[in-house]
Structure formats: C-alpha cells, structure tokens
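Per-chain numbering from 1; labels A, B, C, D, E and F assigned in written order.
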C-alpha cells in the first residue's frame, strides 16, 4: 500500500482534501494499486530552512 | 540503535506509554539490540487520507 | 519548499519520471510554491506489511 | 490507517515476518484500528551513527 | 537537493536559526551541493521514548 | 534522543564518517543532549526530482 508523505506549510482543509484526492489519483494510476495513504504534514515557517535560512526569516524581508 | 516511528491518530498518554513499552520490547527481541527509540506522531484527521478521502470527511458520514 | 516522499514498490524509470512530474504539478497548484522536491522510495515486498502480513507472503498465495 | 516505520539493521525474512506481525498486533490493540501498514527499513552500518560514530566503525573495535 | 530532517525536543527560534544554518553549512561542504532543505520537527516529551520509557516519565524522576 | 535523517545522494564512507561526526557535534551543542542518532539515506538520481524533473535526467543535459 503506497504511502505519500507531504511536508509543506499550513493549508486549508479544502486544499488538503483536493491535495489528497489528486495525489491519490496519480499514485493509483502509476502503481496500479488502489489503496493509497496520504499524510499531510504542516510545518511552521520557523521550522523549515532553505539554503540555511528559516522561511520565517525570509518572509520578514 | 533501531528507531520506530508511528504515524497514527491522537491517543492518551497512558496509551503512548503502553505503545512505547510494547513496541520497544518487540524490537529488542527481534534485533537483539537493547537501545530503541520510539517516536509517536499524532495526526489530525484532516491531515490523513485513505483511498483519496480525508479521515475527517469519512467520520462525518 | 514542499517535499513529497513516496513509499511504494519498485517501478521503472519512466514511471518515476511521470510520477515526479505529476506530483510536482499538483503540489505547485495547491501550495502556490514552484520549488518542489520529490523523493521516491522503493521497498522490497519483504519489507512492507499490510494488516500484519508481508506483501512478499501475500503474493505467494 | 496507522503506519509504523522501523529503521534498523538488516534482518532475515523470518524476523521481518515476526516483527511485522507483532508490531501490527500491538498497534491494533492500542489504536483500535485494524488496518496497519509496517515499513521495515534496513540500514547499512556505514549509514548509521550513534553519538557521532558510524556503527561500521564501532564494530571494528 | 539534500534534505535534513531533525527530530528533537522543542527549541527556541534562535536555536532553530543557528541549527539550520550550521547543519546547512556542513551539508554544503560534504555534498558539494548548495541547495539544502532543513526540516525541524519538535516532539512533545510524551511522544518520544528511549529504551521503552517516555521522556515525559523520565523527567518526573 | 535527537535523531537526524539526511536524504542525499551516494557518498563515500569517509564523507559519511565526517558528516555524522559534524552533524552530531552541532546537535549536541544546540540541544544540550549528548546522545544523537544520525541516519544517512542514499538516493539514486532516478529517485529524486527537483522542480518536477528527475536528477538523473538533469545530469544527462
């Protein structure tokens, strides 16, 4: 049973619903397996850094 | 040092204590290594989807 | 930068290419962020269990 | 659907089978959910370090 | 693009900033790739166990 | 016990040794906890995509 873990920022429940459905459709198509689990992880901008700088700090600029 | 990550719904501290102890006992037995780390991850029903549908939506039905 | 980790069985490079492109397109659309990382993890059927039974054993039946 | 990811060293298929079954039984009991996925990740001793030293180097001593 | 995921206890934003910058510097040096993502995961002491005992319980002693 | 998971390309054992030691030193300094686990995950260029394109395909250009 393929599992898709998405690490991103906070999003609305409507976006989560759409994200989960669309990612699942693609996984079903590619793997040919219909049972798919999607885990959406929401990260605070202070907990993610790109190129050594926290997203929370980039936003202040 | 084996590490066990459990992705599940919210549970009580009593259940976490029991889960950690029992998972550790099994890992010690199978791996023959006594130092085990357990990370319990609690996921909101709006952040998990099975077969393309959020758990939060399934519960409404 | 959202990161998508996919835990599934082995697939061909053509399927990986298609999977990565399609998952990225959806993440860009939902998050409104264009830089997306996709990590495809391929798991041996002896290393995955559903409902307590290894996929490798289910296939033998 | 709870998912259990186990990061450990290489083990035999017999041990994987036993590990998956026992971890699943505990998760079913604690969560009261019968569908459980177990992912067993096998790590080379050169890819794991405890207290700053690779397991591969500890073994040489 | 290497990704570093850190599972630890809660820390201040100042410590997160320092952690992200220093981990990134090392990854850039070792991999020779300048784009690095760092994800800092903060875990409640009731959600982490070492040797079968929750960190939350160890602290009470 | 903080755990650091590094998802990157293949590297030599010498680089793994250096990476593990340096990441551990930083984690000890930031968290004030001396027991640290580092897991180094090596990914094939066909299993990682940035901006929707496999690293394996980018290299061909």
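The working rule: contacts are C-beta pairs under 8 Å (C-beta built on N, C-alpha and C of every residue); 3 or more make two chains touch, one makes a residue touch a chain.
Since we're looking at a predicted model, the values are computed, not measured.
When the interfaces B-F and E-F are ranked by C-beta pairs in contact, the top one is E-F. Mostly differing positions are employed by chain C and chain D in their mutual contact, as under half of the interface residue numbers are shared between these two copies. Centre-to-centre, using mean CA coordinates, chain B is 19 Å away from chain E.
If you average the Cα atoms of chain A and of chain D, the two centres end up 25 Å apart. Looking at chain B, one finds that residues 1, 3, 7, 35, 37, 39, 48, 50 touch two or more other chains.
Because contacts link the chains in a way that matches no line, ring, star or complete pattern, their graph is best described as other. Annotation, chain-chain contacts: A-B, A-C, A-D, A-E, B-D, B-E, B-F, C-D, C-E, C-F, D-F, E-F (touch as defined at the top). On the side of chain A, the complex with chain E involves touching residues 7, 43, 46-54, 56-57. Contact residues on chain D toward chain B in their complex (touch as defined above): 1-9, 11, 15, 18-19, 22-23, 26-27, 30-31, 33, 35, 48, 50. The touching residues of chain E, counted against chain A in their complex, run 13, 16-17, 20-21, 24-25, 28, 34-42.
Within the complex, the chain F residues that touch chain B are 1, 3, 37, 39.
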